[in-house]
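The structure under discussion appears below in the form of structure tokens.
Naming follows writing order (A, B, C and D), and every chain is counted from residue 1.
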Amino acid sequence: MAAKKPIAVVIGVGPGLGASLARRFATGGYSIGLIARNESNLEPLQKELEQQGHTVLSVKGDAGDVSSIKNAFNTIRTQLGNDPEVLLYNPSGFVYKSILDLKPEELQNSLNISVVGALAASQEVLPAMVKNGKGTILFTGATASLRGSSKFAGLAASKFALRALAQSMARELGPQGVHVAHVIIDGQINTPRQVKGQPDKDIDSFLNSDAIAETYWQLHVQPRSTWTQELDLRPYVEKF
Amino acid sequence: MAAKKPIAVVIGVGPGLGASLARRFATGGYSIGLIARNESNLEPLQKELEQQGHTVLSVKGDAGDVSSIKNAFNTIRTQLGNDPEVLLYNPSGFVYKSILDLKPEELQNSLNISVVGALAASQEVLPAMVKNGKGTILFTGATASLRGSSKFAGLAASKFALRALAQSMARELGPQGVHVAHVIIDGQINTPRQVKGQPDKDIDSFLNSDAIAETYWQLHVQPRSTWTQELDLRPYVEKF
Amino acid sequence: MAAKKPIAVVIGVGPGLGASLARRFATGGYSIGLIARNESNLEPLQKELEQQGHTVLSVKGDAGDVSSIKNAFNTIRTQLGNDPEVLLYNPSGFVYKSILDLKPEELQNSLNISVVGALAASQEVLPAMVKNGKGTILFTGATASLRGSSKFAGLAASKFALRALAQSMARELGPQGVHVAHVIIDGQINTPRQVKGQPDKDIDSFLNSDAIAETYWQLHVQPRSTWTQELDLRPYVEKF
Amino acid sequence: MAAKKPIAVVIGVGPGLGASLARRFATGGYSIGLIARNESNLEPLQKELEQQGHTVLSVKGDAGDVSSIKNAFNTIRTQLGNDPEVLLYNPSGFVYKSILDLKPEELQNSLNISVVGALAASQEVLPAMVKNGKGTILFTGATASLRGSSKFAGLAASKFALRALAQSMARELGPQGVHVAHVIIDGQINTPRQVKGQPDKDIDSFLNSDAIAETYWQLHVQPRSTWTQELDLRPYVEKF
């Protein structure tokens, strides 16, 4: 397995954003490590990318479980033969419930997936990034990163917390050459399920996952003199 | 034990803000429930208030442990004979560490104390508040509620998350008559330890815990037509 | 005319908030200077307060005209015989128009009323406040202070600008003993016109102008160790 | 003069960002209209771009003067033979003064340049953009867009106001196909004067104007399904 290419790891890979990120960074010259709870779901994506000549490794890993994340990164480092240069962290727990019904364990679970997992994954890639004075870590936020809406406490608490983590990391690690940015996705992504479920909607009223991935790529290639720490993305018709 | 007075519960009671809150709400006509990890520390405060004729109940409870919180509220309801009308939630975990050294368990612990405990405590008082269409829940935030500073990831993540919880609760519960507000404490409180440790500092460069408590009281007595959801508090010389 | 009492000046006095502020600060022991574009409208309020034994001076002044503001303050200082200790600044220009139709002069006018007038008025009271190391300046913001909504560019630009002014003043003047705070009014105030125009609405779904004024008063009496720079106010049922 | 290429107008063109924006959009296939107070300063840039085969028109225009802006756009439309498809608005007034010394006229001037001019320029390009359901307007913000620092009231008030204008326009015009975004430049740009004045500083501690321009270009080419409304840019070592 060729390991000369730098490695980008995508955590939280479904049919939408995660797959587009893998494609974009593969095209950009990266070997790709994919981490998802059900790695069998990753097979089609892996095959697609391998047929195009890219190196892809799919690993089972649960973002809400620190030791599972550590194991996944160990596998990636061993099998791809290097430390990742890019980390793209997407997972988030979603709960829509009245504050009276939200179980403390559900809140903990959402926090574990969104922010504790983000810390654990970052710690897997940071030592090499800091040593090399180079690296990119991009976190995926949501509307709920900026606003605690009614019945969205579980999501908002964990997304606010992730944003705090991103800021804190950016302030500490930026001067060490590691670019940490936070992307606020405000709207629905054009996953097959979303698009099929709302057949009358203008396709451009969904965020295009390839276009999101292009923005992540552009963040990654920014020179260190001119870094973005946060941006938002939404469809032109989205209310905000 | 007289139980005719309404009940205010203060969680997270040290020699600073918690004690001042207890005094202010006792003076305002409330029976006071105090919850702290070490309830023996609460004895002097309890005695002080009881000597003034106030009703005070001190209960051991760990904000980072959901079942401990539940037990503490059960005790308060049983012994004070009623559901609390006011909840004042102060606890927060503090960690100052490089992102490379912050252990995932430390982050979890901080999140448990700041936000999961806040949810659990709120759920103990909310059913009665919603039923009565009346109640006040005030959360204590910090500088780190708005800013993820370098090496403050643990505190910032949990304080951002608490702020999200407060917003989400305010949006859901406000229309049901429950006032949920978030107070951002930006600076050092005039606890004996802080003041003694910096003897050359102007006493007004520390937040006065009684003045903070007065602001909490003023939030509590706002009529429902004119509620504050968030405010900040800092000394006049504090940089911000 | 007795001039021993300290002076509070209210600029932008209509039947709602301005009148309530005048009443609250009069009750609190202040002589009141009122500045409005049409000072004849102030006669009933002045009479009401004078009958209660308060000292009130009504002065014609246009918040959008710097020299008019200067003249008004000259009159107040001369006739009430002292420098104001409190400034309460409410005026704002309102325009609801498509960005295509908003005239640059309308935007300028809104900026003049909201922010240039606020600067001019502040400069009339600040030299004495700084000299005395004491004073309170409170600015009235709106929903549009935090959000530029569609067709609200005129209001939002001027209210954002006022918020910037308030922050900048707070950071410079706080350490000199002058308390500068910004109050975000989010909702409709219970003016006779609003209430009559929506007879089916719960009265508590309007902000109560007396309750707002009480919050301004509480801000004013905060000790300098424990100052609020910004808070919001809204009815319990207000969407936000 | 060839007018088949779409037109991008840059307002506020100095040796730094404005010039880089002109180069980037020229390279991207646009004819360039340049508007500056002193159009003779634009000659070198115009020559440079013309030698590379680009179409450039330099026009004298004062961002703080609405009729001057109107005239400049009339000239551009007439001479380049079309309506602009892109507007890049950079001008801002800078004043660093104590709030006691900031003249109301200086504040007005800063507001005129930053926000009234931005409205006037936008209104010159919007009718065609709305008609075509297509166009990009990018506003240049600063650190002071988010924070009113001590002695920066003039800059902060006008930059806050510009941000409000950008939000209001984005919310109204987005659904009509016009992309309005706001870029927060947080740090010093690598203009010759800045770099020469601080010879010991790492060149990457200055924002690179070409890299900023690349980000503006990437904002411009985002598909309407996936638009950014706001992002920040700063050097890796910048404190924030």
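Quick notes
Everything below uses one rule, namely that a residue touches a chain if its C-beta (ideal position, glycine included) is under 8 Å from a C-beta of that chain, and two chains touch if they have at least 3 such contacts.
Remember, it's a predicted structure, so these values are computed and weren't measured experimentally.
Over half of the residue-numbered contact pairs at C-D are shared with one candidate from A-D, A-B or B-C, namely A-B. Computed from the mean C-alpha positions, the centre of chain A lies at a distance of 34 Å from the centre of chain B. Annotation: 46 Å between the Cα-based centres of chain A and chain C.
Centre-to-centre, using mean CA coordinates, chain A is 32 Å away from chain D.
For chain A, the set of residues touching two or more other chains reads 171. Taken together, the touching pairs link the chains into one ring where each has two partners.
Only residues 66, 98-100, 102, 104, 107-108, 111-112, 115-116, 119-120, 122-123, 126-127, 130, 144, 147-153, 156-173 of chain D touch chain C when the two sit together in their complex. Those residues of chain B whose C-beta lies close enough to touch chain C in the complex are 171, 174-175, 177, 179, 190, 203-208, 211-212, 215, 218, 222-238, 240.
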